[in-house]
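One chain, chain A, appears in both complexes that follow, with chain B as partner in the first and chain C in the second.
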Partner chain A sequence: MPGDSKEFPLCRQLMKGPSPSHVRELSDSRYPLAMYEEGLATGETAYGHGGYISIPELPSGVAVRNSCRPEIIEESAYLRILPPAGGWLSAGTLEKLATCAETYGKGLIHLTSGGTIEIYTTREQMVPMVRELNTAGLDIGSTGNDLRCLTACCGPARCDMALINAPALATYLGQRFIDEQQYPGYPQKVKSGVAGCPNDCIRAMMQKDHSFIGVYRDLPQINNEVLAAWQQAGGDLAGLIAACPAGALNWTGSTLTVAPDRCWHCMACINFCPAIRPGRERGVAWVAGGKYGHRGPQGPMVGYVLVPFIPIKDDDYTAIGDLFGAFLELWADNARKKERVGDFIVRVGPLWVLKELGLKVEPQILLSPKRNGF
Partner chain B sequence: MDAPDLPAGIMPDYRREIPAELLARQGSWVWHELVQPGVIRHLAADGSELLTVRILLPPNGLLSASTLRDLARWVREYALTGRRTSRQGFEFVGVRPAKLEKFLAELQAAGFPAGGTGNSLHQVKCCTSFIHCQNAAVDAPSIAQAITDYFYQDFLQQELPAPLKISIGGCPNQCGGGVEADIGILGLYDAVPEVDEARFLAANIDIGLLVSWCPTGAIRPRQTEKGTLVTIDVDRCVRCTSCVQVAPEGISLKKKSYVAIAAGGHGGNSCKGPEMAAIVFPRVPARPLDYSAIIDRIEVIINYWRRAGKPGERLAGFIERTGWSDFLATIGAGPLEELVDKRVPQTSIRRDLHFRY
Partner chain C sequence: MPAINVGGIEIEVDEDGFIADPSKWNEAVAKALAETEGVTELTEDHWKVVNYLRQYYQQFGIAPMIRKLCKETGFSLKQIYDLFPSGPAKGACKIAGLPKPTGCV
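Take a look at the complex of A and B:
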């Protein structure tokens, strides 16, 4: 424990501030703190090149970090767990994770920025830990060149903006493509996200190779009674009208209207005022090619909207699953080794992708027509 | 269809994480308001409400088993269920209104205060770096810790013009998402990768993949008597480390590193649409644990926006209104020649004369 001794001066420094400290969590576990201290002291990581490993009986989700300081720790292995969509974690699941981490791991769990859950452990403890996780209804996956875990926003269980049931769609896709999540067979990793509305709180369009974003096609619905009450309570009408990026809101002096030909179907007015609710004609936009990483010819990029609107009726996600599977197959058959979806679409052209999938170009997806005659 | 030859895995269903009484109310919420920093109230059409308490977690979402048990105990005692947010924070959903004050006090005492909602600084998202990763150029969690400590009051109050999100990625992989946030911090390498000829030849490396993965064509095969080697063009190399990923045995770099600070990223579609943050300070030293150079520059950006931003105006919208030239000059960004795209000059140099002096 760094608090008890003169050891680990840099780690101790990170425990001093007012905010929750990761070093406090590390020191409460069996994580080898000397590795972190070593990294901080030398200014470079004490871990060496690691990788995905193969453990008999286990699918993907199994990896190891090699150590550059074998005198501290030989190597550090970890398991990546497929989480419930939407980030939902009940008390029972939290306790189960704590028990697994304590019994078989280093007593530490990691809520990764990509949406999975990782537990640091050893190779020997992996099979018993996965058995225990399986009995709790959890499984591992999402490492290597496979379909990475499907993330979603919290969805209509909590959010008033959700246009589609994002966690339900992510769960459907995750169950249908569970083998692809657990057995790497692709040229490169492919990450997926489902966001309930264009606010895209989970940054799916930027972070994920493949995302479905809830959208609405008709106009925002304005309730003038609620609007009057909102104004009475101090609502800023001028601010609301100014907030519309398209200038589509008009105030006649008594009623508020949306100009149908101007509305962008974004969420600006809906986020601003409780009197305006999203339209009722709902579906998803298909966006492909987003990535954060600085690899490949394109570097980081926001995905391309390839289909502006796929209707969803009665929570039937079959058509979306079919499209998802068809695209992944097309990409897997034609991509170069280690080519992310975004780089692939840039290379072959979005038009080719749409043609191969039997989809038509909709005018909505054009930012502008091309400016050359070729 | 053939019978599946792989053991079927388990994709957990999110519905079992949510109690039936909350699941039954799915889709009934029509509005939400921020009661106080860290506390969100969702309202249904029938007037009933749902309280959510959002807390700060330690950087990088690292939790010990005992903290995890604390979270579970708090869920059982005060709320219906919990969820991890996409920014590595945690929310208690369905908090019982009568117990709210007691709950907030208990969270405060335990060192996990409620905050990071609305017009505040939200949880700083970051990657794992030196804690458990071989690629890291800089240590993102300790930078996140330093930022969180320094701007701590901004988490606990909602006094900024709009929400502020900061993300940190420790290397060009950007797992932490440095390019997506209002203010992004990107760990980058200074050194050009070096080829260790003996180890390279011994490792039997996929030369085709190595050459094709280099985005700038900086790496070229070279036939020698001993076998195929590669040379790296120093001028073309952008230090993306793709070659090190392919050939960790034969190509390595001196871990000399720095961070770039980017501004103006945002995710939603309600303004111009999702946009990556743009680099404003291309080269800032980041030696652990002296991060004053990073914090000073972030503070300059935040203070300018705090001073001149309109209510509700995200950093991206603020920069769009003031114009990049004014924004860069005011925050003292630079050196400017390093902010121009090296490879595709059409993208970042103006082709109109709409100057603002």
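Take a look at the complex of A and C:
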């Protein structure tokens, strides 16, 4: 922060206290803090509407926010970098990103909630920076009407709940559809997420047009010995039974059982008690149409479960990739201008989509959603 | 208004370099516009895209949707970007003498 202690009083307020401060990070970079101070003072951001910049060699990946105070900063252009699946970044990659941000940008990196990595720079510095990023094994994309980056949860690399290898699936889809991520040719953006289990920590079902959720088709596995030990250590059995949203857990006095016709295959009991583990028959549920966006006739919506179970064998994700590609073609050929996947499915009907894709219609997922889909 | 010089004749273009009067377009103008977009030589493939865009524009009065352009010409979007580095809208449509497209392409 510039030396004068009277400068930027509102930003200084946000730097007080022991907790981390975003203002400290901003002021340590070459970000024009006057823009942020201006926004704090007037009660609204000093940035205007944004858009995309056409830069030869970079069909996608370059976006811009216009400035309402051009005397402070003319515009804020940034590159979107495709993140490695699961958010796993080695210290070496972080160092490379830091070097790029220092050399070509403002010394500032933004890890977005949407999963991408953004570096702010000027139009002239974009192409040289992309060349350097490419040599470090990183690539750009995810801007405009294209396939946005595929986000994934951390998966079995760290989590004990993971039913599928979410980062591996996201990496497979990301590499297979790399052109779609870099050349905007769709009617509207398409976001995708891969969650390792129905806990869906990355909010894929709500936020993403396409989500691939790890699911199990058989019943939760109960280990009665572990359950007894858990109870002895103070485990709340009544609380566990009450935690099941479907009322599928029964206590006979000595053993705990799951009612097969009632179980929704959510993760409530599994999260609650270490004696209950997910079933062994695992695969992927394909959910399409979720979005947070308020635009479009439907507004924010949760996706449709179009296929409740796609089996995965030997880490072969070809079938999922084929289905994903076929849907994207179907949607792009039939969607209206600026129509998100969710609005499209509502307009044409999920049954039409399933029929066009040649998929088996499983009536239970449409007639009684939120119930046992298997 | 800015202009480009084609064989001694001034052709008016808008602030983004798109031709102001599409009826003044001819092959020499296309070559001059191509140079402003970093396309040094117009090959057969370039002309295939340009001619398709002109034909569609003359028939419907608008630029085609990007996917239609790819399907009808048989080029992938990546190939279009290889031919016209600034893309189908800013590159191809400009060289084809179409007014600036509002969205899609």
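Brief remarks follow.
Criterion: the second predicted complex is superposed on the first by the 359 of 374 C-alpha atoms of A that agree within 3 Å, B and C clash if a C-alpha of one lies under 4 Å from a C-alpha of the other, contacts with A are read in each partner's own complex, and residues count from 1 in each chain.
The rule is short, and it goes like this: a residue touches a chain if its C-beta (ideal position, glycine included) is under 8 Å from a C-beta of that chain, and two chains touch if they have at least 3 such contacts.
On a predicted model such as this, the values are computed, not experimentally measured, just so you know.
In the superposed pair of complexes, A:Ser76 makes contact with chain B only, with no contact to chain C. Legend: residue contacts after superposition of the two complexes on their common chain; A:Val361 is shown touching neither chain B nor chain C.
Look at A:Ala332: by the touch rule set out above, it reaches chain C but stays clear of chain B.
In the superposed pair of complexes, A:Gly185 makes contact with chain C only, with no contact to chain B. Once chain A of one complex is fitted onto chain A of the other, the partner contacts of A:Ser54 are limited to chain C, with no touch recorded for chain B. Of the two partner chains placed around the shared chain by superposition, neither chain B nor chain C is touched by A:Ala319. By the touch criterion defined above, A:Ala259 reaches neither chain B nor chain C. More residues of chain A lie in touch with B than with the remaining chain of the pair chain B and chain C. Overlaid on A, the two complexes show chain B and chain C touching the same residues of chain A, namely 59, 179, 183, 337. On the chain A side of its complex with chain C, the touching residues are 54, 56-57, 59, 179, 183, 185, 332-333, 337. On the side of chain C, the complex with chain A involves touching residues 38, 65-67, 70, 76-78, 81, 85-87, 89-90, 103-104. For chain B in complex with chain A, the residues that touch the partner chain are 4, 6-19, 22-23, 25-27, 29-32, 42-43, 50, 52, 56-69, 71-73, 75-76, 81-86, 88, 93, 111-112, 125-136, 139, 141-142, 145-146, 148-149, 152, 155, 167, 169, 172-180, 208-209, 212-213, 215, 238, 240, 242, 245-246, 248, 255, 257, 267-276, 287-289, 311-312.
Residues of chain A that touch chain B in their complex: 10, 13-14, 17-26, 28-29, 31, 35-36, 39-41, 43-50, 59, 65-66, 76, 78, 82-95, 97-99, 101-102, 107-115, 120, 134, 137-139, 141, 151-160, 162, 165, 167-168, 170-171, 174-175, 178-179, 181-183, 198-203, 205-207, 239, 243, 245, 264, 266-268, 271, 274, 277, 292-302, 336-338.
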